[in-house]
Structure formats: structure tokens, C-alpha cells
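Please find the structures below.
Below are two complexes that have chain A in common, paired first with chain B and then with chain C.
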Partner chain A sequence: MHASDPEMALLNARDVFVRRPECTSLWVVLADAIFSKTAQELEEQELGDKGLGDEGVKEESGEVENYYIFYKPKPTGTQTLVGEVPAAAPVEALRLALERFSGDKPPSAWWVLPARRVLVSSPDDIESMFAPAQDKKFRLSTDFHTLTEMRRVKSEFGGQ
Partner chain B sequence: MNSSLRHALSQHLLALADDELILGHRDSQWCGMAPLLEEDIAFANLALDEIGHALVWYTLLADLAGEDHYIYPDRLVYFRQIADFRNVQLVELPNGDWAFSMLRQYLFDTYETVYLAAAVGSAHQPLAEAAAKIRLEEIYHYRHTSAWVRRLGLGSVESQRRLQAALDKIWPYTGQLFALSPGDEFLVSAGYLPPSTILSSTWKDQVVPFLLDCGLQVPVESGDEDTQTGRFHPPLSRERHTPHLKVLLRELQSVPRLEPQAVW
Partner chain C sequence: MFEKTAESVQEESSEAEKLRLFEARIARGEKIEPGDWMPAEYRRQLIRMISQHAHSEIVGMLPEGAWITRAPSLRRKMILLAKVQDEAGHGQYLYHAAETLGISREEMLAALLEGRAKYASVFNYPTLTWADVGVIGYLVDFAAILNQTMLARCSYGPYARAMVRICAEENFHKKQGQDIVIHLASGTSSQKAMVQDAINRWWWPTLMMFGPHDGESPNTPVLVRWGIKTRTNNDELRQSFVNQIVPELHSLGLSLPDPSLHYNKATGDWIIGEIDWDEFWRVINGHGPCNQERMEARRRAHEEGAWVREALSAYNG
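Our next item is the complex of A and B:
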């Protein structure tokens, strides 16, 4: 999202992303606060080496705090929340995440972000932000038959 | 329900529906032109919500008139003459700049949340149920537009100047939202509606402090003091419209009127 601040991002995200009825919560975090590494980057260089540290991450309190850990199981997948770790910096959080959440098949990419930077919709928001979508018909582009119908009319009437 | 009450209720539902329809159409005109891509999508969705709410009210009106749920709303929207529309002039004004559109939407959303909160307790069950349903979505609309108004008011010198100019222009039109229409007294005495004076004072209690917090100066109240200054006052009757509605309806009704018997 492009937005002036997290609250505006949260409000607009409701319209951009959650017209489908199954959504019950939204999280918003400033892109700069996300520390991300791909499996390829982690293979090529040791975490913590120059070039793989906190570059691009402006957020670091220096104190131990909760970090959310997301990973993408496969290159074609989506980032999924897998847990939290306490850490003093994003690199440390990712190091802990690698130990705890890698499993048998290493994920294709990781996101690490401080929990305090996440703006989460409240359970009280469900009724006004998400529940109304349950009464609306969600239409895919294929549900609109105008193009098909126009092609039929053109072929029937010779493009007139 | 006696005939006076039925007529008053049908006029009230028509006013509710026309307000939503015309404002939804105005909002839809921002599609492709809003200041941010994401806001463009959000405001287009908000426009769709308003038109959806209009359909809820038109459908209640169809029930009351014993008309078809699908055909009657289309007939009302596409084939009525301008003199038969009962929306307030506030919603038919051209969009102006972003500040104007956001402020108008905020003022209307606040009015709606106040009206719907009261209408949930209406003695007319279909009205109460529709109000409960629409109200949930309007709470989000209110949150969205009040967030914009706050940012424009407390943003830059330019954004505040534009917002103040919008408020100065829009404010006189807000009185029409709470003006009594013929037959409203029947609806109030039957417990179908709360008195508009209560709605008006609740609305002002919310809106005025908020606008002041946003760094705006709220124009003087409509009334005698304004008459003395010669300020413009829109008529309170919903039967009178600005020339802008004619232009809007010409566009809105153009396609169905090309072939009224067409089946879509």
C-alpha cells in the first residue's frame, strides 16, 4: 500500500484487499521495518557478515523485544506467520528463527519485523470492516459476460 | 398502516435512497482520478457501498408499494424526472477538489451514522433491520472519511486552506439534511423516526468539535443572523434542486433511456 501513515494504510487495505468475505483481521507494517532475506542470500553469505546485516532496516531499538517471523515455504507461495522470537535486533531475530522454524525443507524467503511496528485491526472492527462483505456477491472477472456477448453479437451481425 | 403514514414513509424511504444514489454517483466520478491508486480503489468501493445502500432503501419502497424488487428500483433511478427526486442538494453539488469531496462525505457519513443509530430502534421493523445492516458499513465509511478530513485539516497550509474553503461552501447545505418533509410528523408520532431536532443536535455535537480539532473555523449557524448578512441559503425542501442534478441525471440515465425495453 501507498499511504501517509499506518492508519490510512489499514483503512485503504480494507478496500483494496478484503472485499472477499473470509477476512477477519488486517495487519499493517511500514515496509522499511521488514527485514527480509531469501534462501539464496542466506546460502551465499553468512548472516551477520558485511552486506547481510541490517541494511535497509531503520528500526532497531537495541532492547530485547518481540519479533514476528514470516516465511515463504516455496518461491511461489505467500509469506506466512510462523511465530515470534524475542531479540535485540532483526539479525538476531532471524538467526533465532532459522534455528527454530527452518524444519526439514528450508523456506525460500524470510521476513522478520518488530511486533511493536505492526498496526492490527481490532476485533471490534470485524463488524464494520469485514462482516458486510459476507452479504455481497464476490464476482470474478469471468462473471461478467459483456466481452463474450459482444463477440457473439459481432460474429452474428458481421461486426456491425 | 393508514394511508397518511404509508405515504409519509414512502417519501422518507425515497429521500434516503435518493441521497445515497446521488452521492454514490458523485463518488464514482472520482474513479481513476483520486490522489492515490489505493484511495482510488477505496473511494470507488465506498461509492459502490452507497449505491448498494440506495438499493436497500428502494427495495423497501418497492415492498411498501407492492412493486417488483428488481424492476421498480431501476424504474425509479433511470426513468424518473428531475422534479421527482428527493435528495438533498448537498449530494448533487459537483465534486470540486479532493478536500471538498472528502468533507462532504464526512459530513454525510456522520449524518448517516447518527440517523441509522436512531433508526435501528424504529417501530417499523423493516426500516429498523435495514438501518442495522447499513449502519455497520457506515461506521467504516465514517472512520475513513474522518481520517482524511483530519489529515487535510492538520496537514499543510494548502490542504487546510482548501478544506476551509470546502467547509464554507458546504456548510449552508447541511441544514437540509434535518429539515422536516411533509408527513414527517406522522412518522415521528408513530415511533418510526426520531425527531429531526434530536438528530440535528447529536450531529452538531459530533461534527463541530471535530472540525475545530482539525483546525477549521465552523461557519455561523443558518438562521436570522445569516439573513442579515445576505448569505446564500439553500431551500429546505427536498423538492427543489440545483442545475447540477439535471447534468448528473442526464449522464446517469443516458444508457437505459437509449432503449427502455432492453433486458440487461
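Our next item is the complex of A and C:
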């Protein structure tokens, strides 16, 4: 999502990604705040030392802060929030995530991102941001009973 | 005679190894993500495909957008607004997906506005009546669903994920169009004549959406191996569409503008007549009924929106 600031990104994301009544919360974050590694990269290279950043990641406060941890369980899946860890750098956050969240089957990819960089829609905004979609059932394919209508036409007109 | 240096030999075998690993990942069903190594040709083909798909969604808003102010009821107007809004959203998903490959929005839009990029030729036909809105949803979007469902298995992660979302929303598009066609076909004689006329005009352009006969693309084997082209048989998909839609239209008392159309009991297929591929290539190459009008509308929108882009840049500092 392209936008000039996080608030506009949130509004644009609502318009582009949340047109159907299925959302109660939306998060946006600048792409360069995300530190990501695939399972293959983790096999092939050592994670950097604590305190060292990584390519493309501009974020590094040096102080311990909360990082959100996402992983993709399998190559065809989507990134899913699995928890948070306190860390002083993205690399350290990923190292902690590998210890705490790996499980029996290593995920295919990981994201770590500083919680302070994420703009989350407010619970107070649920009504105005997402509730209007609830009434717009005409956006849903289930609102159109075409099978029933086709049967009606066939029985009325004896179609082929 | 050119002699390879030790360095260039090493570089070539490194590239060959990278290609081997890349193709092995795809063969294992893994998704290629932004930042992963990929052959230059893979990147180029995806940029072309995804950006053209994005252009198609945006230009595709025009023929139906023309009927928003003329919808026959408030409910139909809201439904059509929602559909056209979806198409804008689809264009956004796809432009974003293409941008992850290193091309900018500005470059893609310039290619479209300067006539260097293509979009689905089916949108170069006019929408002459309200029935066209129904037929576009029922036929054109149904054909798009069949074409695009396969793309949800594309090897490039951002494109595959965008297609999952797009296909889900296209279902609504098809059903709202089918709903319109059912109501018109079972309505007054004028309504039925109107929808029959729309079927007559959109039938062949819809069949052309599945692409020329197979065997006409030399790039197919490598594109299939790379998971970019996820099906090899345009004709099979076209036949699947025909077999599903013809009986439905017949049951509504509607006919198809094809004197050769007949049912083959042995194969269970509805056999169509020969598609006019000259028309297909004429329209793709810019000589369709609405090519000029569509591009003028896009250029005008781009020019008139310049102040918005300037304001955003100024706000951004």
C-alpha cells in the first residue's frame, strides 16, 4: 500500500483490502521496518550478532523494545502473528522467536517488526471504519440466489 | 575467437546453480517472494503479466462505470458501484504486486498511457444497454474467473495471494451479472430482446478472452516450468466455459450468435464455430470500437488528477 503517512495508509488499506464485512482491526507498517528471513536463508547463513542490523532494515533503537513476530507456516500460507518478544535489535528478536515459536515444523518464513512502528486501528474506530460494510450484503456473492432463480425460470418456461 | 576468462566461467556456473536451485524451489511448490533471487526473464515476464492485468482491471472500470448514473434502480446502482469499486481495488492489489518486482507505478502508468502496454481487449467493446452490464458480469467475469483461478497457483507469492482475493470477489461480479440476465431474460419482451442483443455482441469477444489456439506461443514450456503460466491449454479452458454457459443461456430462452454451435453427444461438448482471430488481433493492436475512447479516458483522468499527485508530494515534503 502506497501512502504519504501511516494514517492515510490505514484509510487506503481499508478501502482496498476491507470492502467486505470481515474485519475488526487493521494494522499498517512501513515495509522497511520488517526484518524477514526465509527458512532457506536461515539454513544458509548465521544470524548477525546482537546489536548488528541487517540489510534493508533501518530500524534499530539500541534499547530493548517489543517486537511482533509473524511467521508463514508453509510456502503457500500467509504471515500470521504468533507473539511478541522484547529485544534490542531485529536480529535478536528473530533469534528469540526461533527459540520460542519454532515448534516441530520450522515455518517457511519469518517477519519481525518493532511494535512501535505499527499503526493499529483503534477499537473506537471499528464502528466507523468497518461497520458500514456489515450492511452492504449486496457485495457478497451469497446475496444473489442465482441457482434458485435459474430453477424457477426453468420450471416456469420449460427451458432446455 | 572469444575466450572466457576464469572469472566469467565461475560467474556463469554460479548463475546456472542459482537457476537450478530456483527451479527446484518452484518444483517443490514453494513461492518465490520479493527479494528472492530470480532469473531476469522471470522478472520481466511477471512484470509484463501483472502490470497488464492491473491495467485491465482499471480500464475495465470504464465500460460498466458508464452505467452507474443510468442503473434502473437504487439497488442495482449500489451493486454496480460496489463492483466497479472492486475492480479499482483489484488494480491496486496488482500494481502493488508488480511494484515488488522493481518497477514503479509511474513506469507502468506511462507504458499504458503511451500505448506501449496492453490490457484485456474485451474492454475495447462498448456497453450500449443496461443488459450489457449483466452480460459482462455473467459471461466476461465468469471467463475471467476460469482464467484467473489457475493464477492463484502462480509461483510468485504476491501475485498468487492477490489472485486468491481477486477470485473471491469475482464470484460476486459473476453472480450480480447473472442475476441481471435472469431478470431480463424472464421479463418483458423488450427486456428479453435487450439481453439477447447484448449476448449477441459480447459472445465472441468473451470467447477470445481465453487466448489464441494453443501452440502459438514459443515461450510456453519455460513459463510453465517457472510456474508463471499455470495452464497449457487455452482451448480446453474455453471448452469448459462453453460447456457450462451454453446450457444455462439456453435454459433462459437465450440463443448464441453461432450458426455452427451444436452438441456432440459422444464427447458431451458444445462445439462452437470458428473464432474470427483477425478481429482479435485488430482489437489488440488498437483498432477496436473503443480503444481510442478508453485511452482518452485514462489520459484525461491522469491529467485531471495531476493536482492530487502534486498535493500529495507537497504534503510528503
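Before moving on, here are some points about what is shown:
Here is the rule we use: the second predicted complex is superposed on the first by the 132 of 160 C-alpha atoms of A that agree within 3 Å, B and C clash if a C-alpha of one lies under 4 Å from a C-alpha of the other, contacts with A are read in each partner's own complex, and residues count from 1 in each chain.
Here, a residue touches a chain if its C-beta (ideal position, glycine included) is under 8 Å from a C-beta of that chain, and two chains touch if they have at least 3 such contacts.
These numbers were taken from a predicted model, which means no experiment stands behind them.
Looking at the shared chain after the overlay, A:79 reaches neither chain B nor chain C. When the shared chain is aligned, chain B and chain C each come close enough to touch A:2. Legend: residue contacts after superposition of the two complexes on their common chain; A:19 is shown touching both chain B and chain C.
Within the superposed three-chain model, A:138 lies in touch with chain C and out of touch with chain B [touch as defined at top].
Looking at the shared chain after the overlay, A:102 reaches neither chain B nor chain C.
Shared contact residues on chain A (touching chain B in one structure, chain C in the other): 1-2, 4-5, 15-16, 19, 136. Of all the residues in chain B, the ones that touch chain A in their complex are 36-39, 41-42, 45-46, 49, 52, 133, 136-137, 139-140, 143-144, 147-148, 151.
Looking at the complex, you find that chain C touches chain A at residues 25, 28-31, 33, 35-36, 75, 78-79, 82, 85-86, 89, 92-93, 96, 105, 160-161, 165, 169, 171-172, 174-176, 178-179, 182-183, 185-186, 247-248, 250-253, 312, 315-316. On chain A, the positions that touch chain B within their shared complex are 1-5, 7-8, 11-16, 19, 125, 127-129, 131-132, 135-136. For chain A in complex with chain C, the touching residues are 1-2, 4-5, 15-17, 19-20, 36, 38, 40, 75-76, 78, 108-109, 136, 138-141, 144, 146, 149-150, 153-154, 156-157, 159-160.
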